[in-house]
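By written order: A, B, C and D. Residues from 1 in each chain.
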Amino acid sequence: MPLPFEKSIDELEARIRDMRSFAEEQEVDLSGEITALEQRLATLTRDTFANLSRWQRVQVARAAGRPTALDYLARAVDDFTELHGDRTMGDDPALVGGLARVGDTGVVVLAQQKGRDTKENIHRNFGMAHPSGYRKAMRLFDVADKFNLPVVTLIDTPGAYPGIAAEEQGQAWVIAASIQRMSRLRVPAVSIVIGEGGSGGALAIGVANRVFILEHAIYSVISPESCAAIRWRDAAEAPSAAEALKLTAYDLLEQGVVDEVIEEPIGGAHKDPAAAIETVRVTIERAFAELRSHTPDDLIRERRERFRRMGRFLDAA
Amino acid sequence: MPLPFEKSIDELEARIRDMRSFAEEQEVDLSGEITALEQRLATLTRDTFANLSRWQRVQVARAAGRPTALDYLARAVDDFTELHGDRTMGDDPALVGGLARVGDTGVVVLAQQKGRDTKENIHRNFGMAHPSGYRKAMRLFDVADKFNLPVVTLIDTPGAYPGIAAEEQGQAWVIAASIQRMSRLRVPAVSIVIGEGGSGGALAIGVANRVFILEHAIYSVISPESCAAIRWRDAAEAPSAAEALKLTAYDLLEQGVVDEVIEEPIGGAHKDPAAAIETVRVTIERAFAELRSHTPDDLIRERRERFRRMGRFLDAA
Amino acid sequence: MALERWFRRKRPTRGDDDASPAGLWLKCSGCHAQIYRKDLVANLYVCPECSHHERMPVDARVEMLADEGSFERWSGSVEPVDALGFVDTEPYRERLTSVQQRAHRPDAIVTGGATLHGIPVALAVMDFSFLGGSMGSVVGEEIARAAERAADEGRALVSVSASGGARMQEGALSLMQMAKTTVALEALSERRLPFISVLSDPTTGGVTASFATLGDLVIAEPGALICFAGPRVIQQTIKQDLPEGFQRSEFLLRKGMLDDVIPRPELKARIAAFTRLLLAGIGTQGVLPAPLPAPAMAPDEATDDPDGAMGSDSDEEAAVRAPAV
Amino acid sequence: MALERWFRRKRPTRGDDDASPAGLWLKCSGCHAQIYRKDLVANLYVCPECSHHERMPVDARVEMLADEGSFERWSGSVEPVDALGFVDTEPYRERLTSVQQRAHRPDAIVTGGATLHGIPVALAVMDFSFLGGSMGSVVGEEIARAAERAADEGRALVSVSASGGARMQEGALSLMQMAKTTVALEALSERRLPFISVLSDPTTGGVTASFATLGDLVIAEPGALICFAGPRVIQQTIKQDLPEGFQRSEFLLRKGMLDDVIPRPELKARIAAFTRLLLAGIGTQGVLPAPLPAPAMAPDEATDDPDGAMGSDSDEEAAVRAPAV
């Protein structure tokens, strides 16, 4: 289960565990040795994660054991209760929505949910939503506006699903419509990329007043694999594509695509989910505390200006 | 093709035709006799149609040869151009929508279209819309509101389609939503029942500021046949059910369900479609001339009040 | 006509009913088990064997949802009239009179104010045993008034539907109740007060196609038949069998039409939780009135007859087969 | 960098091109008939044999839509930069330079003001022959500016899309153009000015999933490939053949996604008719400015190369197979 570059960390953890049980069974005092090893572990982990290549970060962002959206909904907000259905054609398990509470304020939450095991992954379509999912999102944006409920979205998807039904049901249309709908929200909206921010399918629920990204999450116009297949004509060049795409949290901060990087526990969110979730909770609360005094008109204007500014070019005029 | 009670009219018409061609061929002057017969024909037609039973009016409302929605859209408004699709799952040929012009004003039109022959009837599903049709209507109501375009709806349907797909796709949901959406229109809305106003499927596009009905059209909570099957346990009792349901134009005027009855040419709209269509044109123009000075807020309030008043009961309080 | 007409009779208590041999045991319409009547009633008319949700009498419904002693009846002052002089195999007027006497209410609905876990709400509960819960001018008017009064008093609206559709004996005016109830809900929307619509078995025709599916949240009880056109009508139209579970709550949840399917025992708590969250938007906290004091009037305790609720009469069955729209 | 860079060269006229033997005959990609080049151009790049709509060069498109002499170019002052230092098999910077020299424009779009049967509009026409019409910061910016200027000047916006999607060499910033173009359209909406979006072959990925499907009317040319994910991607995902006509205009019309499919020769008149009606709402008559005087500047007459338009390069084909989103 450990990622390739986590192997030494994993081995060191195993050695510490072994030494602990040995010391216990044999009733010998190895605390000095254990402390030394733990310090080595901490340094190794810090160094490893401080120097991850972009491709390695892609792997962390997708790591099994990394907290999923429902893990955050269970503990980074209160009283989460799921609402189902797009009122049109179905209920998409890849895009979860509902009501919750942040402090004393009701909120609408929308989140892309990957599976935590194979069975759930199949049920959740690996977090790849169909048009139905985005229609559900838009329906709940209406609820948010009607009842003045701020919006939290958690982004974690390889992308919107590329399939026959999805195309027939207007995948492009609903993504565009969801971007537009979210830009018109009269309430504060906060988006957090918690894992994989996969292109238009991610952006469709990412048109927020504040966009955060977890330290080891990514956000990209295309997956490194697809990019490599097209531009290198070789999917094995995914690491090169990841490098070229500049898709890590700090890359995106530099590009102005995200407003803030949320630090993860050392070794990544999967090493200490509870800590990661708590940081997200604090971030959400802080963002809403700041945004709740903004008027609806200001919120719309700020959100529009935020996205209107996106891009880099030379202006000769 | 003539309806049962049109038989004597039809025979008299045939006699006049015969006499005319005889007079022409034989070059004899039968103008006196012809004029006398024509007067008899006029009297017979007037008397027949003035004394139709409710069941007979149901038959006129459904008569083959009666102008359909597209006939009105071609000539009772100008520049009609159809717009397709519900942006969700399809384009319902039973509920036609588009842009048109009334005087110098652009309008949005929505109309239930029955077939003018068997082939078109199958294509149009006999004027029975699926949820897709009502979703298209709602989409075009949005266009109407955005561009300040008044709305004209032409009602002619046995009802919303009762089928598996229709139920799966939320027939009840879209009818309710369409009623609500139409009640919120910020522009003048005029509805005309041109043939059969079949229950919820008709009302879904009938929440207008002014509701007109053609003289021989009907508007009912249930078809006489279904009503008879349920309440008499015998579909053959449809004439009794039609009587009991009080579903003719003048019944509805008395009940306050419609605002005005539009007179048809003597013998019914199918006897002189051009004249019927012209009367409808004049009615639409008159209604908009009156409504165009109302503010959006007034239009909504008036429409809400119009439907809020519906019903008869004893109030003991 | 005075309100008292509907409430003057001292009606049999549950104890009286239970004493009658016929009422002692009931057959579950889900698993066909024989259920001791008291157990079924105590279990909110949910079969203890198979969790089948039987139809529930209006007053048990009110008792289940309203905080104890909080229910104040609003409905009852409006009475149906036979505006069309409708006669089929029997005059509508006579049919009305006999069902009114049996039901001890003027029409197929009870509305009132209540608190629900302390939250002030308006309740509107339909009575399927009254002419198949059909919606005519009175049902439409009571719903409209409940929505408007809720808006005035800053209450959420909670409706529990059970209906064969529009009341065809009132002709096109019953059809118009679909629009009337819909426009009345605007008063709530404008005040940003939630409308929670609960669909119970069966909810069909003109009720499904109007206010009942316009809830901010639309939730259903398990296994409820919810449709526009009834299964019989569809079968006659398409001449083929209907899919398993077609038009039932769970099917509609999968089709995206419902926010959730909630078992009856959880209903009150879930509605309260939803309503609390919907009322906790920015700038709305503290705006709403505090829970109202307990009303002076006792809850309406009209017929609490599980046979009526579980049984059927021709009006009800006809309505479900072919709901009027 | 001065605007003139893009326009100083006297480019070959059509006459010059026609003189070259290679350009004399073209093979229709629909029916494979050999078509005399002049006939194809005169027929708006629609095959006279089978009505197949070939891809149309930007300037022919502008000429077809704008009233004669009415087009005033707005685009061109904004130039792309290689913000990520993107290198695949070749640096993005070099790729850009070479395509810019070939295309004589800074990026894959031309915008400008024009009248269309007398109606003042902003035109935005995408150039598929420029890196597959991919949308990076410059394309996004030009569309946003065109929408905003249209709003300022009281013009309708008419866009003609042709794109492989987002320009992946500009990374997440190209993704953000989807949101940028979308929010820029709000300026038009607020002034109730129509946006007519025309989808031509091919319109895919991030362009389809943003401004191009947000038209008040969305119309397509016959036979155009219009999709979110390209056919190749879908085939790789689902490992089965795609249905006949899948993702083509006529298919999408049936699926409810388009207002209409309109043959190229009718396009201008239909757009004018739609726009006139949308502008003729209550209270809007007379509010809009009269048609503008003819501009001083001549229309942009950049490359008018049907081979380029009908042919392909690796960027374009890759884009259609797997549009970046």
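FYI, a residue touches a chain if its C-beta (ideal position, glycine included) is under 8 Å from a C-beta of that chain, and two chains touch if they have at least 3 such contacts.
Computed from a prediction, not measured in an experiment: that's the story for all the values here.
Engineer: On the document's contact criterion, could you list the chains that touch chain B and likewise touch chain C?
Structural biologist: A
Engineer: Tell me which of A-D and A-C has more C-beta pairs in contact.
Structural biologist: Answer to which pair has more contacts is A-D.
Engineer: Using CA atom averages as chain centres, what separation in Å is found between chain C and chain D?
Structural biologist: Between these chains, centre-to-centre, one finds 56 Å.
Engineer: Using CA atom averages as chain centres, what separation in Å is found between chain A and chain D?
Structural biologist: Centre-to-centre distance between chain A and chain D: 34 Å.
Engineer: Averaged over CA atoms, how far is the centre of chain B from the centre of chain D? Could you give it in whole Å?
Structural biologist: The computed centroid separation for chain B versus chain D comes out at 43 Å.
Engineer: Note the residues in chain B that touch 2 or more other chains, in rising order.
Structural biologist: In chain B, residues 87-89, 135, 169-170, 173 touch at least two other chains, as defined above.
Engineer: So which stretches of chain C touch two or more other chains?
Structural biologist: Within chain C, the residues that touch at least two other chains are 255-257.
Engineer: Line, ring, star, complete or other: which describes how these chains touch one another?
Structural biologist: Shape = other; not a path, cycle, star or full graph.
Engineer: For this structure, give each pair of chains that are touching.
Structural biologist: Pairs satisfying the touch definition: A-B, A-C, A-D, B-C, B-D.
Engineer: Which bits of chain D are touching chain A when the two form their complex?
Structural biologist: Per the touch definition, chain D meets chain A at residues 1-3, 77-81, 83-84, 86-89, 136-138, 140-141, 144, 166, 168-180, 182-186, 205-206, 208-214, 226-229, 233-234, 237-238, 242-243, 246-247, 255-257, 318-319, 321-322, 324-325.
Engineer: If you look only at chain B, which of its residues touch chain C in the complex?
Structural biologist: 159-160, 162-164, 166-173, 175-177, 179-180, 183-184, 199-201, 203-204, 206-207, 219-222, 226-227, 229-232, 240-241, 244-247, 251-252, 255, 257, 303-304, 307-317
Engineer: Considering only the defined contacts, which chain D positions touch chain B in the complex?
Structural biologist: Within the complex, chain D touches chain B at residues 189, 192, 194, 216-217, 253-260, 270, 273-274, 276-285.
Engineer: Hey, which residues of chain A end up touching chain C in the complex?
Structural biologist: 79, 81-91, 99-101, 104-106, 132, 135-136, 143, 146-150, 187-188, 292
Engineer: Quick one: in the complex, what on chain A touches chain B?
Structural biologist: 87-89, 135, 169-170, 173
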